[in-house]
Amino acid sequence: MRPSGRASDQIRDVTIERGVAPQAEGSCLVSFGRTRVLCTASVETSLPPWRRGQGLGWVTAEYGMLPRATGSRTRREATAGKQSGRTQEIQRLIGRSLRAVIDMQALGENQVILDCDVLEADGGTRTASITGAFVALSEAIFWMKERSLLKGDPIRDHVAAVSCGVYRGTPVLDLDYLEDSEADTDANFVLTGSGKFVEIQGTAEAEPFSAQELAELIGLAEKGIAELVDLQRAVLGAS
Amino acid sequence: MRPSGRASDQIRDVTIERGVAPQAEGSCLVSFGRTRVLCTASVETSLPPWRRGQGLGWVTAEYGMLPRATGSRTRREATAGKQSGRTQEIQRLIGRSLRAVIDMQALGENQVILDCDVLEADGGTRTASITGAFVALSEAIFWMKERSLLKGDPIRDHVAAVSCGVYRGTPVLDLDYLEDSEADTDANFVLTGSGKFVEIQGTAEAEPFSAQELAELIGLAEKGIAELVDLQRAVLGAS
Amino acid sequence: MRPSGRASDQIRDVTIERGVAPQAEGSCLVSFGRTRVLCTASVETSLPPWRRGQGLGWVTAEYGMLPRATGSRTRREATAGKQSGRTQEIQRLIGRSLRAVIDMQALGENQVILDCDVLEADGGTRTASITGAFVALSEAIFWMKERSLLKGDPIRDHVAAVSCGVYRGTPVLDLDYLEDSEADTDANFVLTGSGKFVEIQGTAEAEPFSAQELAELIGLAEKGIAELVDLQRAVLGAS
Amino acid sequence: MRPSGRASDQIRDVTIERGVAPQAEGSCLVSFGRTRVLCTASVETSLPPWRRGQGLGWVTAEYGMLPRATGSRTRREATAGKQSGRTQEIQRLIGRSLRAVIDMQALGENQVILDCDVLEADGGTRTASITGAFVALSEAIFWMKERSLLKGDPIRDHVAAVSCGVYRGTPVLDLDYLEDSEADTDANFVLTGSGKFVEIQGTAEAEPFSAQELAELIGLAEKGIAELVDLQRAVLGAS
Amino acid sequence: MRPSGRASDQIRDVTIERGVAPQAEGSCLVSFGRTRVLCTASVETSLPPWRRGQGLGWVTAEYGMLPRATGSRTRREATAGKQSGRTQEIQRLIGRSLRAVIDMQALGENQVILDCDVLEADGGTRTASITGAFVALSEAIFWMKERSLLKGDPIRDHVAAVSCGVYRGTPVLDLDYLEDSEADTDANFVLTGSGKFVEIQGTAEAEPFSAQELAELIGLAEKGIAELVDLQRAVLGAS
Amino acid sequence: MRPSGRASDQIRDVTIERGVAPQAEGSCLVSFGRTRVLCTASVETSLPPWRRGQGLGWVTAEYGMLPRATGSRTRREATAGKQSGRTQEIQRLIGRSLRAVIDMQALGENQVILDCDVLEADGGTRTASITGAFVALSEAIFWMKERSLLKGDPIRDHVAAVSCGVYRGTPVLDLDYLEDSEADTDANFVLTGSGKFVEIQGTAEAEPFSAQELAELIGLAEKGIAELVDLQRAVLGAS
């Protein structure tokens, strides 16, 4: 029995509210239960130096967490003077995930920077970030299309993410904080709209897991991400 | 004529929504027109080392801005590896302003940290932060009172802040970003509920200002802050 | 009664010795009583990148304090690895104050950097720095004039600064360290030679101050700065 | 056909030379083909502060690369002033992998720090590091056993790692640099001696991969790691 | 012929003015020609952690240079965020040199920190710093003696320093900046009052030097330092 | 009697193994007894900005130490976030020593970076680094010659280094760690193949040393370096 009463293959209530940052070229507020992440997309016409002059665009991401997104206050990284290893690991994952579905030639020599800032953290902030960042990125691409900044349609597929884990011996979908802090295994999956894998990261927190358990987690992730992609489609279709 | 059509002594629509960060001991979302700041208060039972063993509490503040709070993306301070001089100047101002109305003996050996994170910036983020932080701090003090963590009532008075400036030759109240970027003079005032001055910071951006103009700015600030304190009272009374 | 025996509207003995740093384009040693600051002006023909190509010059300042300028040793900022928030706040103030009286077009695409290094600190180091930096800047501008580096006369007015405060209930002019550490209110004023305000920064250290007290502090500052400007004129006229 | 002529399920020549750092409590030089990593284990009787007083030990890892381990010189991280995100990600992975097979109670309040320094890099440095670090850690644990520093046998199982990937459409085992830089998918697997999963990290570099491809990569990893564990056993048995 | 017209074995005019930093426990302004260094000594009753509880004192030094001590402005190290390698090398040298003549047992568990700040640089700043720092340290030790903070007389001998070099083929004593920037060889010598060597650092800037030249430089240094020690004695005797 | 049983003028067994880093343009592993340093030379066709456009090349060095090169683990500088003063001092010494024997005009506008990484430290790591770096640099220059990247023969002479010291009252050659930690005086000498001095650095660790002792140390260094240069010649002749 999960603390939230959810079925083992049930994701939390997920909502995506578009256009929440009126000064950004794309934005949304994504919620997975109590976890809330503000995702903004910024279009820049300058590329990082190493990327220039190849006729290709670039998509990158940064991740942050407000100090009181958590149950006890987390030290501000700007005060600490650097981003933690965890933050860097997450923002590299978000960037890779989005780049996997973008046609860089169609994007032209433009850069889109995704900022994912966690307003409230209750588990699954990185997977919520990826799922929301895709919507903010899509908005920014609409914005570029209207201004004829593109060389084609850069969106090759959807991308979304969810976590799964083995909680008290049972594989479950979309861990919240309570489950996550107790889970034997924690795995994050990033899949495309067509059901292919972009990223899989599984870690045995306590006990190493078997090939059988891994197969079950994969099945749960496929189901959950299909639902998230449907939601993305509904939200973006409404524009 | 002001770009917003406001009268010269008219503040923007100001709202304060309490309890927006459920994991924090106090919080509010304060809006001055389009400027929106999320203020949270964190109660800690440990003091900074230099403050220990004196029977006194401490109140401090940190300030941040989401990258897309602004019209073009602002670099994340955690990536830059340090807080800018401007950020440090603002957070020191917020801290000083709040400490001016708190009885540190009554607070006991506890610390309250105020985090002011700007979700959208349209001028006046530091004065909105002070005005909102007082509400978050008050909530945190209610929370401490319920848990008998206090040695008395630490709130000696209200504190709120507003900016004034000389815009196209006319002293005006509560500059928005459009006015601020063009103003000859920009001044920030922090006053108590009883109308006394905690802080005054006036800077001639273009032309030095006269003693007469200074007197007019002071008058506008007194009017505006009285209105803000009324709003704080209404919002806190509703608890 | 002030610890120094001065009248409430009396500034300390102020001296400005020119040409103390023979390798600099401008320099002076300014003393307000025991407070001594070495001010140097460096002329550079290169501008910061963001300022280039606009036909305008730039004036900026840096501030430092020798470790034993103070009663107990202060940690060297170069060892700490960064300038403190206080240092940055002060050097931004010095820079803004000087820029308020400089015609950037007349300066041409040149930069003048003012370095204010405190040899001994007894209160009022930032106001002494501004008052002295104006003299060093003036010397550097003479130096540039002789070499025909200017497009006109960039000095539009004098600028000087003084602190005032409420000490044991009485508004007094030019706080020394003993007074400053005990004052209820501490205010810094930067005014031009023609008596206009460039900057006003007042902070209630203990008790918030009234509008009446503020008016008295303003009056004291006007008197003190007029005297400082007379001294600047005498010192610069002697060149 | 692989550039090296290896079969798709064939790992490179792997050797592990023990005792190469005579001043360390444990050490080995592990080679996967041309990739060579020097692994040392340092026993410390002090724990990190957050770990003290619980009767538990700690195992952690640091990773580095000599500047000319690579085809063109890589900037030294000590000169850059920080470890890259990639370095932090790798050293966290090494630490987690080793902790998964260690009984922290049996280790007692001791810490073992594994340093993995890449002398030559030809792909698979993180998986070679894990495989070698286990041997260095085992040596250090023998060393502790001889000195009666343990509360039991802390080694619960072996742990080793290998990479797999989809190279020109074919799933292959143990990518070298040439294959890695061209592979569509790159996955790292960490498994125990009993064939359970400690970590799985798969990333689609170019094309997202299918569930079928993922299953084949898993099969290759299981085969390769079984061979690596056999080698670890042989090398450690010879002690 | 030297640019200054000095004989090859002639040092510049050297003066040492005591007591220039009234808030410090010891201080002097040392001048070697145009090179001027402000040396202060700070007595602290706390030791660095690694030095505590051994009944021994500690002497250390820090070195800095004002931005306009030089012909063109030098970037402030506090702004750069760190001390340069050159600064660290110099301050380690000053500290080592002073410690060589101090009896740490007699000093008791006290620390003396010497700050050497260059007001004007014309070659030989490190050797002037050592020569002056000894005087400031001696003053601080008088100050400690008066307060009975010592366990004996910690000054075992004098210490002073001078540079020598091969300038246009001729070994010369006490290089100024003009000579230094052209010299083939630059050597710094630190000797005690009794003529023993504490430190010798010789570097071939252009051409490697012969054993014969080295012997001549040693002779010059012995002569120059004897004169400096005489001056130190005269200055300190006048106390 | 020396702990190692060596005669006072006897260096340790020294070996230099070439070509140990196959991806570098030059490399060797140099051993002085147990001290082992991996030296690599990297050829870059880009110069540091301040060196460009003068028709001259540049040679520079970086130094590092693996954490377990030492008896107890040394903190990794990349983790500490900066190179220690000691590291910077050493790498500046290595760079200066090599530049003293290189004709920068003949090198053309190329840069060679020497990396000296200590695998095991038993005293004399800086002198071993210089001795080995010369061999790696020579290899890199052969490599450049084969590719016609040079404007002449840049090697003007050999360069090698050794330490000497006063151990229990006797001047001895090539201190190992045991001797070094106890020596009264520690001196490093860098000489050319023709017996001229490039650098001499002598420090009294405990007792200041006499002119007589200095002369004896110089004699030992001359003998030892002659042997090292012979070894360099033998090793390089074998190419």
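Each chain gets a letter, A, B, C, D, E and F, in the order it is written, and its residues are counted from 1.
Here is the rule we go by: a residue touches a chain if its C-beta (ideal position, glycine included) is under 8 Å from a C-beta of that chain, and two chains touch if they have at least 3 such contacts.
Since we're looking at a predicted model, the values are computed, not measured.
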**Message:** What's the minimum number of touch steps needed to get from subunit B to subunit F?
**Reply:** 3
**Partner chains that subunit B and subunit E have in common** = C
**Asked** When every step has to jump to a touching chain, what is the lowest number of steps that links subunit A to subunit D?
**Response** 1
**Item:** Fitted rotation between subunit C and its twin subunit F in degrees, CA, nearest 5
**Value:** 120
**Prompt:** Distance-wise, how many Å sit between the C-alpha centres of subunit B and subunit C, to the nearest whole number?
**Reply:** 28
**Request:** Would you kindly tell me how far, in whole Å, the mean C-alpha position of subunit D lies from that of subunit B?
**Result:** 51
**Length of the line joining the C-alpha centres of subunit A and subunit E, rounded to whole Å** = 60
**Request:** Would you please write down the residue numbers of subunit A that are in contact with two or more other chains?
**Result:** 82
**Asked** Draw the chains as dots and join the ones that touch; what shape do you get: line, ring, star, complete or other?
**Response** ring
**Prompt:** Starting at subunit E, then subunit F, how do the chains run round the ring?
**Reply:** E, F, D, A, B, C
**Request:** Write out the stretch or stretches of subunit A touching subunit D in their complex.
**Result:** 82, 85, 88-89, 92, 96, 100, 157, 187, 191-192, 194-204, 207-211, 214, 218, 222
**Request:** Name, in rising order, each residue of subunit E that touches subunit C in their complex.
**Result:** 21-24, 27, 34, 38, 40, 42, 44, 62, 64, 66-73, 76-83, 87, 113, 115, 117, 119-120
